[in-house]
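Chains here go by letter, A, B, C and D, matching the order in which they are written, and residues are numbered from 1 within each.
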Amino acid sequence: MAIGEVLRDHGDDLRTEQLAAVIEAAIDCAAHCAACADACLEEGDTALTRCIRADLDCADICAATAKVVARAGASGAPWLELVRVCAQACANCAEECEQHAEHHDHCRACAEACRRCEAACRELLDAVG
Amino acid sequence: MAIGEVLRDHGDDLRTEQLAAVIEAAIDCAAHCAACADACLEEGDTALTRCIRADLDCADICAATAKVVARAGASGAPWLELVRVCAQACANCAEECEQHAEHHDHCRACAEACRRCEAACRELLDAVG
Amino acid sequence: MAIGEVLRDHGDDLRTEQLAAVIEAAIDCAAHCAACADACLEEGDTALTRCIRADLDCADICAATAKVVARAGASGAPWLELVRVCAQACANCAEECEQHAEHHDHCRACAEACRRCEAACRELLDAVG
Amino acid sequence: MAIGEVLRDHGDDLRTEQLAAVIEAAIDCAAHCAACADACLEEGDTALTRCIRADLDCADICAATAKVVARAGASGAPWLELVRVCAQACANCAEECEQHAEHHDHCRACAEACRRCEAACRELLDAVG
């Protein structure tokens, strides 16, 4: 995957690199969250209900963020505010999944994907904000 | 459409009503934006490029917001912050579309859908925030 | 909601009407399915696991269908095949939800939204196919 | 990215591997298509209108496919039919982008992502169908 090649020129290489990092991390996180929600459902344990919801919220927010970041605010839409919401949603989902990481590999792997996306969002915010 | 019937109990009727209003307005807005983007593309006028991007950003954010609001923060995710971003994205898209509303019916109708969604989001934020 | 106003001209009024009907029914169905999945989760009953998955599959397929139908095949993409898949996903979700409709209002209302979307898809397929 | 770790057990390692390959390729393709659509818009060339629509259709279909494949038909939804539609949408977008690949790097990279996703879908269909 080298999404940076596809992004139109965003003024400097550094910024393009950070946009690409958010897009890649967000779609990866969305996929992990969708799969983790399904694996949690399979466990049949109501203690995981909040985790399933965190997965679904995070997946929806990450998927939207990846697409909006590809347009990088050229529309005037509040894209950096969305990136901030995405970082928070990822942190929230990671915290949920981390509580079950010892017992469920899917939660452990999902938490890691969430933390990677949170970090990518924060690096973009630091650079652009 | 009576999405309020499907929402689980959120504590009081008023709140459920406002949640349902955001979900309905957001999905309606997402559909209008997707269709307006396509109609703008058909015009073949580069003056509409920013409008197309505003449509696409708004459609993605509204679609995510509708789904996240259906879970209403039960996951701990920053759902009200997302509703705030959604209101801003709708206002931005409405402003773009309003500039072309005189010449393009699709922009006029899309701007109206965006303003309805912006209003529904702000009413929820006023009630819950 | 009058999405037909926003759709670019698709050759005749009838067809535009049927496209608009699918878009409206599909986004309505996606919202019902997202809300029903959340309400089913709240029940804490593992007998609803298959229903939750049907809701989530149907929501994802309907949301994509609404957006693709707004472009109505102008790209060469297999849009009518997607409409056919959407009709099947809606029928499947309706069958699941109907089994729980007596006990859960959210499943009853969701099944109705699924049947409306299935019907709209089949009318478009009959007219265009 | 190692989405295979997060997928619940799907009966045998081979199948899990192929499911994971589709999910990864589909989300990668969706991101490339979203970015390519935006880069094409930036070109301001109406000869790219069909390509932009192919990108948007492919992005929406791939994103839905990734999420539905994570549930792998456990709901009864027509998931393999969706994978087939996804392969066709990817082939269509690749054909469009390949026509512009000589002049636009974003189209070249996007066409490659589409071909990878098409291949992953076909391998899953061959194995499971």
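Brief remarks on what is shown
Everything below uses one rule, namely that a contact is a pair of C-beta atoms (placed from the backbone, for glycine too) under 8 Å apart; a residue touches a chain by one contact, two chains touch by 3 or more.
Quick caveat, the model's predicted, so the values are computed rather than measured.
Farthest from chain B, judged by the mean position of CA atoms in each chain, is D.
When the interfaces A-C and B-C are ranked by C-beta pairs in contact, the top one is B-C. Here the spacing of chain B and chain C, counted between their Cα centres, is 19 Å.
One finds 27 Å separating the Cα centroids of chain A and chain C. Shared contact sites, meaning residues of chain C that touch two or more other chains, fall at 38, 42, 53, 56, 63, 67, 71, 74. Across the interface of their complex, chain C is touched by residues 50, 53-54, 56-58, 60-61, 63-64, 67-68, 71, 74-79, 81-82, 84-85, 88-89, 92-93, 95-96 of chain D. Considering their complex, residues 37-38, 41-42, 44, 46, 49, 52-53, 56 of chain A touch chain C. On chain D, the positions that touch chain A within their shared complex are 1-3, 5-8, 23-24, 27-28, 30-32, 34-36, 38-39, 42, 59, 63, 66-67, 70-71, 74, 105-106, 109-110, 113.
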